[in-house]
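Each chain carries a letter (A, B, C and D) given by its place in the written order, and its residues are counted from 1.
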Amino acid sequence: MKMLINVAENVVADALRGFAAAHPELTVDVERRVIVRRGAPYEGKVGLVSGGGSGHEPLHGGFVGKGMLDAACPGEVFTSPVPDQMVRAAAAVDSGAGVLFIVKNYTGDVLNFQMAAELAEDEGVQVVSVLVDDDVAVTDSLYTAGRRGTGATLFIEKIAGAAAEEGAPLDRVAALARQVNAASRTFGVALSACSTPAKGGPTFDLPEGELELGVGIHGEPGRERRAMMTSGEIADVTVEAVVSDLNPDGPVLVLVNGMGATPLLELYGFNAEVQRALAERRVPVARTLVGNYVTSLDMAGASVTICQVDEELLRLWDAPVSTPGLRWGC
Amino acid sequence: MKMLINVAENVVADALRGFAAAHPELTVDVERRVIVRRGAPYEGKVGLVSGGGSGHEPLHGGFVGKGMLDAACPGEVFTSPVPDQMVRAAAAVDSGAGVLFIVKNYTGDVLNFQMAAELAEDEGVQVVSVLVDDDVAVTDSLYTAGRRGTGATLFIEKIAGAAAEEGAPLDRVAALARQVNAASRTFGVALSACSTPAKGGPTFDLPEGELELGVGIHGEPGRERRAMMTSGEIADVTVEAVVSDLNPDGPVLVLVNGMGATPLLELYGFNAEVQRALAERRVPVARTLVGNYVTSLDMAGASVTICQVDEELLRLWDAPVSTPGLRWGC
Amino acid sequence: MNATPDPEAPVDAAFVRRWLDAAAAAMDRESARLTELDSPIGDADHGTNMRRGFLAARTAVEQDPPETPGGVLVLVGRTLISTVGGASGPLYGTLLRRAGKELGEEQAVSAARLRDALRAGVDGVAALGGAGPEDKTMLDALLPALDALTGALDAGGGAADALAAASAAADEGAKATTPLRARKGRASYLGERSVGHQDPGATSSALLITALAETARGDV
Amino acid sequence: MNATPDPEAPVDAAFVRRWLDAAAAAMDRESARLTELDSPIGDADHGTNMRRGFLAARTAVEQDPPETPGGVLVLVGRTLISTVGGASGPLYGTLLRRAGKELGEEQAVSAARLRDALRAGVDGVAALGGAGPEDKTMLDALLPALDALTGALDAGGGAADALAAASAAADEGAKATTPLRARKGRASYLGERSVGHQDPGATSSALLITALAETARGDV
């Protein structure tokens, strides 16, 4: 599998150098792998820190900026970051108002953020962690590590970020983040596996004529393999999975998220079918976002996330945001 | 080749429906294939119209909005739009101040826009057309259809769009567009061919271990095939191609553009090498944009565009823009 | 319409409509092959483009059938321009619109007038696209067809024979594009690498001329 | 450091450093295999993770070598935590940190104390990760190794033999993960589809225990 890289070991370091060059408005510590919003810490503002394995860009580094994250900690490809990164990030963004860790529910992320929280608290930073676990493809959570954190991360970072920007205190920001997580569901589909630089080839085999339902964002195979379907059929399976699990009784935000290699043209066409499938299930749509936001390297496919919103959440969603990956209202 | 589509014939229509659902802030005529900025025509403002084959998203539909295009006309995949679309778009955005057609230099685009310009003028709309031809991979233009229009299209739409937004008259907007085109060069590299829905598979064969230098954005093969190179080597070839052709003696805008399937992580890493290669050639960089902007469906690879800017062009580049695909300052 | 066609003026609106049906059927049938030819030296859409345009043209003519051969040709040309896009849309649209205009209001025309019409159309294509012989374009099928048609008629041949000769020449011409290096259209970007592939537009031109010969022969 | 190691207390700082060299070499050598195992039921990074961590740990220890076996283990554990990431970083980091802490300031320890240290480490892994036997994790190699070590020592075996038994048990345990259905870590997302694949973490654990046995045997 050909890649636009130098050597596999340096992929993340190279990307950080290139990210730094493209985004002088952010402070990028390439060596220590922490991306911080310029000017942080902001007086009286709760600091938002997230992070996770690389390979999901623009998540998380692309969501650092006004109205969203204060810092992001990129790990190796598909490998959660180490505690040192989060400790450093927490120290960099804490104004005294405390720090929120937004942690996707994977064993590695959970353990590393947990260690970091303990170390940061030892250094006098008040840390609250919220777990993102929106992926309905993981069902029997008694026998698993629990639902994975995927697309809802964007909703949580945006909405909690807007609240923090307005000066909400730590417990309120954390409560909003938990509310968004509880109100969000995601289901993902892969048409092809992704290739990690370390492996140099696809992380699993997906024959022509088949697709993988219920995939995560780490090149893991999904839970079920089926014969290839049309965009409309995929939308039905996907929307049914999230709607039947959430049972929304009000308007939702919709994220139609590309896994990386699926052209935007196809993604928009898929969105048309997702909107149809939601309308058929009488789910009113408040806002729709279509694009590559929570990716899985060069995987082809898409995920759909819905999040039921009340007026407050919708207001916070619409609030100004200015980051490399998401920008509006400012 | 698996695609997230219903049937090949409906790909563009489906995408337009999904685009309309995601962007209620734009007026999308799905039937007639015209995307218009809401509120157009704007009193006294020159109308900017572009268009071309689909498959390059977010170009052009994603660049309709404040400070950029007033309308876009998407053709079938890799097929230029028909004159009817541009005639309709011109009528929709003309406030009496005239309309600028931004046309990428492909026989199909040139001919269809030319016919449209004649028809629109018959209807009383003043039309000026500017041709984008920035692709240095096409060398002996005496024996070809001339240089192709690729990445510079974004620079032209942004800068001419900012001037039009400020109320510049048609001849001034057209002159700026031509100035940007004259000051821009692009070179593209493919690691894989793209697959069009109509063909259902790759448009050319590119064996493992080889890459294609000097590709366009329509799945055409490039001019030369070479053994696979590192990101640093590719950056050297690419930067050398654009710099030696333009010979800039001042600061440049840089677009490190993904062809579609190359992960953002790799693109940022490639940007690090592009910046190094520019620095080695003593080309000062004023601004850098990294992302998938002028794509070629699911092709893996990247292109580099540079545009030499004076203070005025840089000011217009930095001016507020609010479109689905490019947004800052507002 | 003529129940028994005038042998001196065999080309009436019904003739052109029969040709359109044959042409649309050919584009439908050969769509995949034309797209295949457009892959190595183009952007893999020529078959889709031609199929879409000719099916739309047939529908347009069926919905509101013009009464003159020129009228049918103009409507087909206009429909191609409005539905094909790409390079081939304006070029084929111009070919047929110009040809139709050349025939004016005439109700039925001779093979010689048809030749005049074709010449006007081909001139239009050359003027619009700026291509000449051996540039590896549709002209490499159209120009030999025009020459053969002219030659056969000048030699006193009948319409059907003359068009058969034109069809053979177009076929030859299309095949002869293979060794050429493209100087116009997308294929030109490939430089030397365009050599060794038959031009898709020349191929579709040959199919259109063949449909004309079949129509004259009464095969359709 | 002891030039002639005390047979009753064979494990000193030099011993642990020899083990670290052997472990780092094993991770370097087996990196591709571990990543390969992590592909069908994980995210294809376990080999890269372990290699990165152990090479860093070796460098850290070389740069500022602690003088006690416990000190070396703690430093290795801390380095793993700071350089590996993923699930394995905190888990292996905790394993070695806890083991090192258990040994305190002791200069040289017996095999029985090494067993105590291993037990403390394994308890730490279980507490942190919440996994138990047959969850298809590294514990499925570590727990049998601990049991075998304990059994051999209780039966009066020497350090080298006891560690050889532990190594065999760890190997067994790693292989026995193949038919299991994962209940922890990434592989658990696959449900039934995780069956039939050997767990990468159990495999790396077996490699680490094997390195320990080799060190005791004097092979390294």
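We adopt the following convention: contacts are C-beta pairs under 8 Å (C-beta built on N, C-alpha and C of every residue); 3 or more make two chains touch, one makes a residue touch a chain.
Every value quoted in this text rests on a predicted model; they were computed, and no experiment measured them.
**Student:** Which number of steps is the smallest that gets you from subunit B over to subunit C via touching chains?
**Tutor:** Shortest path length, in steps: 1.
**Student:** From the C-alpha centre of subunit A to that of subunit B, how far is it in Å?
**Tutor:** Here subunit A and subunit B have centroids separated by 29 Å.
**Student:** If you average the CA atoms of subunit A and of subunit C, how far apart do the two points sit, in angstrom?
**Tutor:** 54
**Student:** Counting in whole Å, what is the centre-to-centre distance of subunit C and subunit D, each centre being its mean C-alpha position?
**Tutor:** 76
**Student:** Among the residues of subunit A, pick out those that touch two or more other chains and give their numbers.
**Tutor:** Residues 77.
**Student:** Among line, ring, star, complete and other, which best matches the way these chains touch?
**Tutor:** Basically the chains just string along in a line.
**Student:** So, with touch as defined above, which chain pairs make the list?
**Tutor:** After working through each pair, the chains in contact turn out to be A-B, A-D, B-C.
**Student:** Write out the stretch or stretches of subunit B touching subunit A in their complex.
**Tutor:** Listed in rising order, the residues are 1-7, 10-12, 14-19, 21-22, 54-55, 57-58, 62, 77, 191-192, 208-209, 211, 228, 230-232, 234, 256, 260-275, 285, 288-290, 292, 295, 297-298, 300-302, 322, 327-328, 330.
**Student:** With touch defined as at the start, can you tell me which subunit B residues reach subunit C in the complex?
**Tutor:** For subunit B paired with subunit C, touching residues are 8, 53, 75-84, 106-108, 111-112, 114-115, 137-140, 143-145, 148, 196, 198-199, 203-204, 216, 218-221, 223.
**Student:** Over in the complex, which subunit C residues touch subunit B? Could you list them?
**Tutor:** 35-36, 39-45, 47-49, 52, 81-91, 128-129, 181, 183-186, 188-191, 193
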